[in-house]
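A, B, C and D are the chain letters, set down in written order, and residue numbers restart from 1 in every chain.
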């Protein structure tokens, strides 16, 4: 069925496996007349690129976005945009050992249970590589948001249990996109320590969208926060999504949590910019809780396709932590949701 | 647009406002030949009924479900099931004062911003009353899950900052659906204390689905966890959704968080029964963080439609805490998501 | 699945069986602020009402539309409009004889094959009564078209092989909505003659939408003509749909069929106002070919549920010809398609 | 919006322009484990290839289908199949003259009206070249139909007003897929004569699907005939769609048109294998009326983008008649609709 579609007005359809010929996306609903070229997509993809910084793998994935359709003389035409990214650095041999052994924390077992067949190379369709297509689509969405001066950014709040201090918003001087440079240093040290042990880490990322007009979101199911929750939870490693005060909201009383309204705006933003599923004009704030990368070299117990016990040690080239690469995917999904609802609102008023 | 639809194979479409003539739901995709009558719906709605226990309002909403279409001689026919619940206890007068004043924490401001017009009586479409339609639909979904012996239950883990002790699973002897009876007592005391102050509380609810077959969920966007996140976040007061280890996942290393696989199954269930967006056969576990009820009698600052500063004290008949009524809504949404994916999987294998 | 939905931006969802409690429709995507009351719906439903004229049945279906949700103080609010029409004149007893015998030309056999269970009373979900919900939805759509000065009308071109003369557009002085009054008289005579024989008739209806702006329709599948074809073919008795020159187009050469373009517009309208699936500003013209009513008192061969040969003579209260009642259904479906695409175009430019 | 999607369970999404880099399709919902390779797609595309026979253009479009994703070791995996067909023989220069002049009978004017920008080369997105993607998708659908022994074939019934004699079903000895070889000869002569005049022709094609099980189709809008009508009308040159008796149905009485039911099946097949929108087990029969190719060298009146009168003579390499190439597109669309409903029915029973 249509599980690889996302969005109703601005709809993306992704395809592709980690070690297949290519991955990519078809985008429907992009308005005509928008200036676009592969450079803007390349810039977005480069930010997600692996092989950078302390948390990343050494793989090189030269993600070159190829705009195959939907543009004419440098502008979108309103017809489907197809963006294709070839898979070039796929070393398939290194995955042969896991053809029949299920990696803990991965989709190997469940893809087999669902489909009865599975492209095991590099995780196939379940690979994080699929998110490059989302980032490309997000870059297109951002062009539309740009016209409305809507900006999106993300920050790393926590890695491996080490938190950025609340309220610190320094100019970022680290590879982890953390606004607390001192904390970032400790995060980096922890990453190196855990890497040495053949283990991995997770963390928390906050995504903020600014200048979003009031009125976006469609009750009662396509609420803006509901669509953001789905968008972010659909990213592989995400295990929790918060909006605004999120997990702190139940600790407050109604009086404390309500954002009282003054003549110049909301006094606080515990709502995360969304009331009853509709944007209120304040910053949209979401946080994702990212599990540690499941691919680790430390030996683990598992079984193979025949149910026989096995020990597995994932030796491939893997990240130690999905952050900060996942940050760009979160931004992309936020951009796609906001663009979808921005277009939908055009039909309301 | 189609914001009041949810689900693709098992699709519900809700309608209705708090103080309109009725609320209800059209259900498409319910298989034919299932025994159904209004009793099973009534039982489900009674569990969500207000006016019970310490946290609830004194309103009486005699929610009588009326099956208008889609059945014949006590069985579903495969055609759209329409269930209608009349609004009987709607005292509209008590809402006149808020016709032009925006209640903090509610959708008054945002509905106005979106639509330019708003049924202000009882919150209109944004009222929690809408969830009665979800509960009715959930009861229908559960009939299908019953055929597959899939069960769903929910428990209250926290109210007003008071937590049930982890691991305690007592036979429930309280009105709050809390598995820790001693904690429940303290929760009830806190509710009464906060009520006396004209304030309100939130909390945490855990929803567990058992006996779910492996293979449900459709990557890469209609992942089972992504659809659960949307389903639960679309419930009014929910501000965060966790799956499995959720917010604890980033505190663990990969080795700690991965559910190693033994010959008799997964050793742990940090995944919450979902790997790569597909169920793995273990219990599906989700948690929602519920904000305190925004309607409080304690005076708050706000503005009216003309932007003039106002003070508001919500005097209507309101719950102090959405828990445990919201628990039934969470169960219903979980049932709807699982039924949707159970049917979808029939097309795969 | 979602087979009772139609439209993407302006989406209708119908429910109900002929002899159930009620039939009706949920409408999503109706813009807010539109003046609406039950009178405008009643007027539309009255035009479709049976029991009028020579071709109709003697049943009285007092179709009272009840707007259950989606309005406030006489205006739409942007939330789902639910319209319910109670079934009042359902004489179920007269259908008991066909509980197990399949009526030729009806859906009895196929509903059984599909669902394994069937509400046989009055045709259940397959009854033409379902189209009352479409007419109500069409009346809502027309309110939006009115704001854009788009008008829709239909004419009867043929009944029982008797054709209105091409080009004659007289002021209609007959019950059959035929623009050729002399032909209409002959049609009426034929209807009476065939009625006396216990048989029935079909015919051709033309639907014209005027003042439709250029630019509506979404290639390559949701082309305006493709959506019109689906909309009209989804009406029970329709067996063919033409757009513009339709079945005459293959008789012409390209030079004859092409609508040459002059500085003041298209010279002809063989395209029926649609080029490459997008409206061109000319009148949208569609024609439907309607089969004769399958319910006839003349005895026919059939089988029962056990495969045993039976003779059937349908004695119920039935129309002799679906025209002119079906005309109003065609207009409604055209209005729904145009409204859907009018809203969709708002997202393009 | 999502106008380039078709189908709900088996969903295709096409992209691409005539003279862009490539055209293609993403297919969602294809069951896993089906043997597939590019050969089967190539065979289907070759049958649609231009440059063959008397009615075709001399262009060579070497349509090589490239399966980019969704397969593993020669089998489908259940994930999105992406098929890409590069555009190789696109001589863009020959279209420069029509950059600002609207070709009569084409979508030039309407694409401009809709989007305000248009890829004019070779018709861009509106080109019949887009149908190669449909044919590729249809070949995939047919693999699923094959497993159910459902076959689809098409025949040419009329070209340029010359009809195959009704009932003649000879072994085809002509390039036009006409079952009446003598008529085909006259059609070919007419094509040559009209070609010499710089003009073009249309015709009628019948599509028949055999061995379709009873029970496919989803009332009341996704009726099998409604979806077939949309599928076929979405093909560029189609101006009318008939099901079963089609335009002859209104000429018959109910007694004549009803397919009486004998113990060994339906006596006739005026219904075209569909009753009340659901297949009845008989052959599904549809006919399309195809307009003459609008690109003709005979000079025509038109206007340019500035509204100035122009004369146009389309000199490009064009077919004289869309038949028989369009036949393969019709078969493909029929296959896609049937596969979609075959999968949908799995959720019903």
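Operating definition for what follows: a residue touches a chain if its C-beta (ideal position, glycine included) is under 8 Å from a C-beta of that chain, and two chains touch if they have at least 3 such contacts.
Just so it is clear, the structure is predicted and the values come from calculations on it, not from any experiment.
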{"item": "Relative to chain B, chain with the most remote C-alpha centre", "value": "D"}
{"item": "Which of B-C and B-D has more C-beta contact pairs", "value": "B-C"}
{"item": "Whole-Å gap separating chain C and chain D, where each centre is the average of the chain's CA atoms", "value": "26"}
{"item": "CA centroid of chain B to CA centroid of chain D, Å", "value": "46"}
{"item": "Rounded Å distance, chain B centre to chain C centre (Cα mean)", "value": "39"}
{"item": "Interface hub residues of chain D, defined as touching at least two other chains", "value": "1-5, 8-9, 14, 29, 32, 78-79, 114-116, 125, 219, 344, 347-349"}
{"item": "Interfacial residue positions of chain C with respect to chain A in the complex", "value": "8-9, 29, 31-32, 78-79, 219, 343-344, 346-349"}
{"item": "Interfacial residue positions of chain D with respect to chain C in the complex", "value": "1-6, 8-9, 14, 102, 104-107, 109-111, 113-116, 125-126, 130, 158-161, 194, 197, 199-204, 214-223, 225-234, 236, 239-247, 249-263, 267, 270-272, 274-281, 289-296, 298, 300-303, 307-309, 344-345, 347-349"}
{"item": "Chain B-touching residues of chain C, taken from the complex the two chains share", "value": "1-5, 8-9, 11, 13-17, 20-24, 26, 28-29, 32-33, 66, 68-70, 72, 75-82, 84, 114-119, 124-125"}
